[in-house]
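Presented sequentially are two complexes of subunit A, the first with subunit B as partner and the second with subunit C.
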Partner chain A sequence: MKMKRILLACSSGMSTSLLVTKMQEYAKSIGDEVEIWAVGQDQAKKEMERADVVLIGPQMSFLKGELQKEAEKYGIPVDVIDMMAYGMADGKKAYEQALTLMGEK
Partner chain B sequence: MEKLQLENLTNEQIAFQLILHSGNARSKVIQSLREYRGGKREEAEQLLKEAEADLSVAHHIHFQLVQKEANREKTEFSLLLMHAEDHLMSTLSMKELVKELIELLKERNL
Partner chain C sequence: MNQSLFEKMSKILLPIAGKLNNNRYLQVLRDAFMLAFPLTIFGSIAVVVANLPFLDKVMSEGSLNTLRTILNVAPQSTMGVMTIFVVFGIGYYLSKSYDVEGIFGGAIALASFFILTPFILNVEGKEAVQNVIPLDRLGAKGMFLGMITAFIAGEIYRAIVQKNITIKMPAGVPPAVAKSFSALIPAVVTLTFFLVVNIVITQAFHTNMHDVIYKLVQAPLVGLGSGIIPTLIAIFVTQILWFFGLHGQIIINSVMDPIWNTLSLENLNAYTETGKVPHVISKQFIEIYTVGMGGTGMTLAVIAAILFFMRSKQMKQVAKLGLGPGIFNVNEPIIFGLPVVMNPLILVPWIFAPMVVTFVTYLAMSSGLVPPPTGVTVPWTVPIFINGIMATNSLAGGLLQIVNFAIVLIIWFPFLKFIDRMNVQKEQEESAKQAS
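And then the complex of A and B:
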């Protein structure tokens, strides 16, 4: 199976870093090969080239349109992290959201 | 918006809830100013109201933490919690400023 590359973006890259760890743990537990990483908002546009999907933090949702435009260049989906998943720091739910966006679930 | 009780949440989830609700508010505050710039005054005011509702949920979480400490029940300190508090406080001041700014622009018919 192809490696899945998931980029998380939030204003500073701090809160999502913890979510990244939880998503990685969950992906590993079900045997998926993944690269998941978090960046701050300035880096998001530069890094999305390497990603299959971009998830953004709630504090960045006003940038969704802008990021989507950029993501169109690479043909990858962008969405705001599900509120329940984010609020409960739920790695499994966030990972499943990424898979759904990638059309793998 | 429904107020959140902390009893069933871990420390980590409390921090994430703070960031979530402050974060939603932050996005709406910025969007509000953008709508205003685009000539959509009513949308701008609506967004600001929604941001205030989000902030009140976040502030209620913060308030409960402060109350707990006042009752000599310490919350475990972490950088993540500090970061979450940062989110709330910076968004609160951002909201106040944007609110004033929009009033000012309205008064000047801009």
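And then the complex of A and C:
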């Protein structure tokens, strides 16, 4: 199975890093090979190149339009993380959202 | 509050937030200040060390003065000349945002700023000193002229580069040589523009751009920003934005930071020279006394209230999750998990508590009960109490946070209790359903 690369973008990459850990734990528990990482908004466009899907922290939802434009170049999906999943650092829910976006579920 | 109102508000707020966040100039300004950030931390550490409260008890006055003199170089060469870094940063990032050579943009912005800077020092009652750059013009006092000059210089520079009026080199010329020539025309035109401006201002009006911008733009804006009413409005808008799930600070700070940072620099300059602080409101006032208590909305007190006094399992789970990040002033778990976002039951304490605390802090500091922040940079992730002491260089600064903590807790308590009762009831019903 191919490695899944998920990019998370928020204001400075700090608050999202907690969710990253939780998502990695969940992916590992179901035996998926993943690379999940969080960056601040200024790096999101650059890092996108390496990603299969981009998830945005809900507090930065206004970035969606701009990032989507950039993501079209690489043909990858962009969406805002579900608020509750983000707040509760629900790794499972956020990971499944990423899979759905990638069309793997 | 129902879903449709949320959507309606989001539709209005989202584009505004997006525009402010993505605005080229505000983005460049944000990056330029970030460039100076590690430097200001270095300068701040030296100021903190030089002013440790017990030093006067363990050192003689002479050696303490020596220590302060040798350490004072650190803040002077960082915060003291902050405008240089900001000017260079704006020139660099603005050029880069247009995909033209950033390093030249930075250098040209800096030279433009120097052209407008009088190389003369007027000391009252003495003959003016020629061929020196007054330090204060490179610090807080020149900040607004610096920002304006850098943006204009960057715009002229990149416009000429993009029009391609550059000197083309024949093939075979080493790329570095070609590069230095290609920056020639844009640099000469941009700097000529500022030279002409300076000639007109100094010869026809017998003044200089520093004094003009300071009097006409900086002093009024900064004066306005140091007031309690504009500060409360900024807090209010930040809280409202977060209530709708948008990052309030990213949006508000991009507008307010130039003013708040200038106030901080003025504070620090005065503090290192006289030990007194002129402004209560500054960047640190905002960071330490509104965000630095568990994150936006001062939610560390909310976490404590839930952990100690509430019974709902769901709330306890959020609070436990939020405790770790909350200590370091990250509170997305509370904002999105409790949740705060679009929760009508929480709207009142969410907006009211920070405004009350801001007002109380302002009163405590302007009355002299607690010293205002000195202007030293304290990273926003430093925990409550410690950050208060560091920012004010006084135990009272930390104690004030404890008082504020209690105020937040008291304001939130009845609302949390109400939500808790609802949740407990729901949880009991659910477990009863599962049991049957």
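The rule we apply is simple: the second predicted complex is superposed on the first by the 105 of 105 C-alpha atoms of A that agree within 3 Å, B and C clash if a C-alpha of one lies under 4 Å from a C-alpha of the other, contacts with A are read in each partner's own complex, and residues count from 1 in each chain.
Heads up, the rule we're going with is that contacts are C-beta pairs under 8 Å (C-beta built on N, C-alpha and C of every residue); 3 or more make two chains touch, one makes a residue touch a chain.
Here the structure is a predicted model, which is why all the values come from computation and not from measurement.
Peer 1: So if we stack both complexes on subunit A, do subunit B and subunit C clash, or do they fit?
Peer 2: clash
Peer 1: With both complexes overlaid on chain A, does A:65 touch subunit B (first), subunit C (second), both or neither?
Peer 2: Only subunit C is touched by A:65; subunit B is not.
Peer 1: In this superposition, which partner touches a larger number of subunit A residues, subunit B or subunit C?
Peer 2: C
Peer 1: Any idea which of 330-338, 366-374 or 384-392 of subunit C is the one running into subunit B?
Peer 2: 330-338
Peer 1: Which subunit A residues come up in both lists, the one for subunit B and the one for subunit C?
Peer 2: On subunit A, the residues that contact subunit B in one structure and subunit C in the other are 11, 14-15, 18, 57-62, 83, 86-89.
Peer 1: Within their complex, state which residues of subunit A touch subunit B.
Peer 2: 10-12, 14-15, 18, 57-62, 83, 86-89
Peer 1: Taking the touch rule as given, give the residues of subunit C at its contact with subunit A in the complex, in rising order.
Peer 2: Touching subunit A from subunit C are residues 14-15, 17-18, 21-22, 27, 31, 242, 245-247, 249-250, 317-318, 321, 325, 330, 332-339, 341, 381.
Peer 1: With touch defined as at the start, can you tell me which subunit B residues reach subunit A in the complex?
Peer 2: Answer in residue numbers: 9, 12-13, 15-17, 19-24, 26-28, 30-31, 34, 80, 83-84, 87, 91.
Peer 1: Residues of subunit A touching subunit C in their complex?
Peer 2: Contacts found on subunit A: 11, 14-16, 18, 41-42, 57-63, 65-66, 83-84, 86-89.
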